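You will see chain A twice below: alongside chain B first, and alongside chain C after that.
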Partner chain A sequence: MSDIATITAAPIGSFTAEVFAAHLASLGDAPAWWLERKRAAYATFASLPLPTRTNEGWRFSNLSGLQLAGFKVERVDPNGQLLASPFGPAQLNFINNTTVGDGAGARAELAARGVLVTTLSAALQSHPDLIREHFMAQPQKLGSEKFAALHAAFVSDGAFIYVPRGVEVPAPIVITHAASGSGTAVFPHTLVIAEENSKATVVDHFVSVSDIPHSALRTPQFACGANDLYAGHGAQLTYLAAQNWSRDTLSFQFNSTVVRRDARVQSLNLHLGGRQARHESHSQLQAPGAFSEMLALTVADGEQEFDQRTLQIHQAPNTKSDLLYKNALRDRTRTIFSGLIVVDSDAQKTDAYQSNRNLMLSDDAEASSLPGLEIQANDVRCTHGATSSRLDPGQEFYLQSRGIPKAAADELLTFGFFEEVLSRLASEPLHDALHQLIKTKFKQ
Partner chain B sequence: MPPTDTLSLPAADTAMANPVAGIDQSSGNFSYPQNYEFDAGTGLSENTVRYISEVKKEAPWILEFRLNALKKFLAMPMPTHWATKDLENINFDKIRYYLSQGQKPKRTWDEVPDDIKKTFERLGIPEQERKFLSGVEAQFDSEAAYSNIKDLVAKQGVIFANSTEALREHPEIFRKFFGKVIPTGDNKFSALNSAVFSGGSFIYVPKGVKVAQPLQAYFRINAENFGQFERTLIIADEGSEVVYMEGCTAPKFSTSTLHSAVVELVALKGAKIQYITVQNWANNVFNLVTKRGVAHEEAEIKWIDCNIGSRLTMKYPGVVLKGRKARGEVLSIALANDGQHQDTGAKMIHAADETTSNIVAKSISVGQGRSTYRGIVHIPRHLKGCRNNTECDALLINTNSRTDTYPAITVRGDRNATQHEASVSKVNEEMIFYMQSRGLTEGQAMSLAVNGFINDLARQFPMEYSVELKRLIDLEMEGSVG
Partner chain C sequence: MSCLEIQNLHISIGDKPIVKGFTLTIASGEVHAVMGPNGTGKSTLAKAIAGHPDYTITSGDVLLDGRSVLAMEADERARAGLFLAFQYPSDIPGVSIANFLRAAVQARLGEGEDLDATAYYKRLYAKMDLLKIDRKFTSRSVNDGFSGGEKKRCEILQMAMLEPRFALMDETDSGLDIDALRIVADGVNAQRGGANSPGILLITHYQRLLDHIVPDHVHVMWDSRIVKSGDKSLALELEAKGYDWVKKEFAAA
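Up next is the complex of A and B:
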């Protein structure tokens, strides 16, 4: 009885015990340990309170926007249409947590080289040990324990990507995660394991679809996704996430990156959609030579709020991290960047950088920056910078003096602002696809 | 050499062993007969507050102010959701909240530990002051100097008094601003101060008066300036200028383990206030201070804040930029040695157009010392032409030294600009090697490098302060290498 009392004490919104039981029942032949894990996650979710004002991890966030009521965990797709991905044909397509369509041809080609691109539900049967080892294995440290537990409780499917030792995959592996229908709750997951000296690029594309034409942007939805990236010794992993949920979506994304000896992970998150979108990213540099490059671009308009929290954890000597988060704020938007570089006492020779740049494009926008450092080793080079300002009037004037109208000049300068992040991508097609997505949003 | 806050030599309070870093807090333990004739006893209650107010013969409104503050203090939680848990080690029941004038504890010169005498020697502190600073003499014969400066500035119409005197004799000037810059309930420790404050300086500078010489709390040592709960209020009327110095580079061996001051500055239109602090308490002291100024149109407030001593200092001088073109500045140096946590920073609240602020913070962590920078820069909506520049640099000397940086910057609108930069580094090995190759010892080389690190800030200090600061750093750096 006391369990029920504690469970009902914390707000759970639409994600009731009945809904959870129905979700478990829908999973079919999932292994017992997986179900057990999900039950534990649900208990955690249900017992934790919502964040409050005194919670440092939620400083400046709009707490009243974190309503969990009014959503349904839908596994059917009322729409059925597959969207063409701007990143080329997708190997895996999910709509409302269910795999649809056919990327089998492309997957078979990769499978011949030992590269597995499959669903999480299939991998639970074929590679349970890898999932046990890597699925949400790292602690959540940035304030969203409750919502990460919600994800672990309700995740029903996702992408599982395994690149074996020494294999290089030249073309990007593209996954589309779509949410369809009003009030739908989705729990997308992508798990990437890049073994020793392998090389791969993975793209997650998150998008809302609607059966009513032109209304996809205005569909209230709930998205609570996570990804686990593991780069073994000497592996090189590029991860791209383009978040383009509807403008009425409450979105959470949790990232955990583990970088082993001499491995390199480059991640780039593009944030376009959502009413209120929170992104938490943990990079753990666990062995000498590890390098994590963390990039993000946010284009905010209307009344969107983007809340980004990051951790760069240096756990071993001679590791490097480089973070660049850029936000462009229009209209009445709000952005929050809170980053922390943590250098453990034995992580000497750490080289860590953290930079947050906010471009203020409106007099009603608000940007908050909390760039933090916690350093316990002395032989380090750690710097951070944060700026907030408008476009440079001198540059505007120069372009105008060359006959370019002000509106066009501002657009050029704004895209110049984004280019600093986009140009870090080695792949030109991916660069262009992201550029196009940003442009589409700007024209809306 | 001026006084107030103080250096990190081992001093002690056996009742409050410092769990940090396994430092022997019992070394240099002072003991002396405690013959308080007129004190408020230990612990804090309404009676304590009434007693203090009665001894000071205060007006009823002040008593009411104190009692209201006490309620707030008791109701407010410790801010440990963001601050260090070390605060929980403060035992409020064991603290003496008020000792009346002239009832300071005494000890003999022979009881003063040798290392402290040596420190005085090294800093070149005059004999007379040494006795006062080490607690041998409760009174320091600076009456002549104090009355001189007081008479001198009085000719210009400047009021320079302690809090009790000022509130009694000039309520028409001070009441209007007292407790307005820092409301009683601003934080738990400002509430505590408001309940039990005594000592400190109240200064009023009339319109257009430029006070030529810096006013120093040092001149008023015998007027209970070293109180645990100082209250300072400086009002610079339109177009006036004043520099105030608080503290002393020499170590101050306090008999109390909690010091909680409130300092309020008001710079009216076009006025300039510069407030200089050198804090060097013994390292068993919790130093929890609230400092804030309001700068009106075209006024300027500059805090120069140097923290070397104490066990835990929490202090974030702030400026509320209330009038157009007001300017705020915080220059801060913190040095944290074994067993110390310097949790310092700055707050800049922009509340008018074209206001500018600048924060430069440098910290040095030695041994297992920990230094923390916390900052707030806030530019709310619909202001234009506001600018902030923040630079935080941390230097880590030993492998187990620690530093943290937690700034928060909020900017609204596209007509303002902020920039923040921070860096953490260690002393350049090549630099040390070069200096050693020229015959300096490693310690000397390290001292020189550290002095170089803070040089551009130290230069802004008055001459005698920066000279003493250099000597202090030399002392602190001893034994940190090799």
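Up next is the complex of A and C:
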């Protein structure tokens, strides 16, 4: 393992102290406490080693793919080549960490009802206390402490969404995070605070764009994003993240979900892009009646690796979590699912469910599952399971006997496999938008 | 006028011969009933002609308007005009009837040709009305949790939408009570008689289906081939005398 030794000797790659200093200098009038936090985060990033084989949180992962060299963090002046979002017009658009385009009209409508949809950089001036309280406030526990610190150090902007008490936002709030240019590093962030008895749907769409037609898919990029979701007492928050970076992107996404009393969070992560994409998701059920529904769909093709690590933490009695992650694997792809349910000693009557299902569309694909439980209470209901299966030849023949070619039949069966997750979405337009996005992956 | 010729067909599963020399010619508009006891290869015949990969055709040929279909995949055979109504249709959770049929109709269009969704639904609903199927049916997953009658009606709906030149109907009556049988038979009969009337190979165990779908020809299958042919009265004779009669008459041969 000589490559590991090399990496350990230079674990910061392109993200050197000089690059970090230039980043800080570019931030302009950011508050001192924020800069201080970033400095501390950078120190953490630079001091932590890259993961090694002995690290349990990286079992089965391709460690040699984690090279951090060859990327650049300067904020490229965007040409404004916004893609139409399948989720409808975005309220906020970012290209290379910089806000572009015009969602001001839609934002103003929301602002009239007290709903803030603004940039993180603006919110640092207007709502510093909320950012102090909620921005990456929960500990990272799933192995990517180094990369989460890298995100905190280099994040320059993002979406800040605040839904006040009792306000319901019927239409989804859509944020597009785009990366443009070869070697670009992006650090997207979305912070959602849904106050008491509010209701909202937020969509993050991650996408690579290019001036050169059809080249966006093959552009090497680095994406290191995070989202913080907070659902106050009785709030109902739906969060969708559609990850469609270029096929040559190294991607990290960190999620922290905090669910308060009688609140409900439904999150659905769609994973399509990236050369190697790691997603870490933490749900904390902090008070009785809290419910977190954690959903994910992955379509892997070529040589992609999708690495998903999850934590369902039950900290109070009568809380519920329900995880369903489904992967469809084609070609020579790999998926890893590692999930842990933790039930604290006073979290009696916990109801926790965790399921990872893999559809193997190729003999050369490999799916690893590591489901786990850590239960300290004695009156709980916890179920977990993982399965990997192939397409049913009987179903394939049935479809083919109707004239549907094999490739189209397999696509239809894959959608059938996904429908169990997609049908959990209450919104039909969002269901259809996800369907369309997934379909693009079958056309390539 | 189309023609389906099954010529001296031999079919094996693995190394085991199941059908040993089956010959029959069907013209469009004709209904041929094939009757016979269990294990005589009736279902094997239907599935092999439709292109099921588990069945090997070791000799003989199947010609659709003079062109052999044996080199075609199952989906090509279907697009060429063959349709298999399954004895046990697969259930496909998560795939709605509407999307499934849409994919099947789309597959019949030319490259780059897009399906006219409005016309498609109009046609689908018309066929459903004819078969007395509730429109809510279209959003249900294919055969998932269907009763026996619903599954068979769904098969006939597919046949009505895809308008095959030849339909191989495998024990379409199995699992049906008399009311369901009548609805299914009405659905098949509604497709007969017109200019596009398909040729039908009707595989059945029992005469009762033939009261509702009246055949032009009846063939008795025994020991993997046709041993006796006649008109619809042969089915009644068979019903009266039982398969033992066939057994006694042909076992020695």
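Simple rule for what comes next: the second predicted complex is superposed on the first by the 419 of 444 C-alpha atoms of A that agree within 3 Å, B and C clash if a C-alpha of one lies under 4 Å from a C-alpha of the other, contacts with A are read in each partner's own complex, and residues count from 1 in each chain.
In this section, contacts are C-beta pairs under 8 Å (C-beta built on N, C-alpha and C of every residue); 3 or more make two chains touch, one makes a residue touch a chain.
Here the structure is a predicted model, which means the values were calculated and not measured.
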| item | value |
| --- | --- |
| Which superposed partner A:386 touches (first chain B, second chain C, both, neither) | first |
| Chain touching more of chain A, residue-wise (chain B, chain C) | B |
| Shared contact residues on chain A - chain B and chain C | none |
| Complex interface listing, chain A residues touching chain C | 392-395, 397-406, 408-409, 412-413, 415-420, 423 |
| Residue numbers on chain A that touch chain B, as the complex places them | 54-56, 59-60, 345, 348, 358, 360-390 |
| Contact set on chain B toward chain A in their complex | 81-82, 381-382, 394, 396-426 |
| Chain C residues within the chain A interface of the complex | 50-53, 73-75, 78-79, 83-84, 86, 89-90, 92-95, 99-101, 103-104, 107-108, 141, 158, 162 |
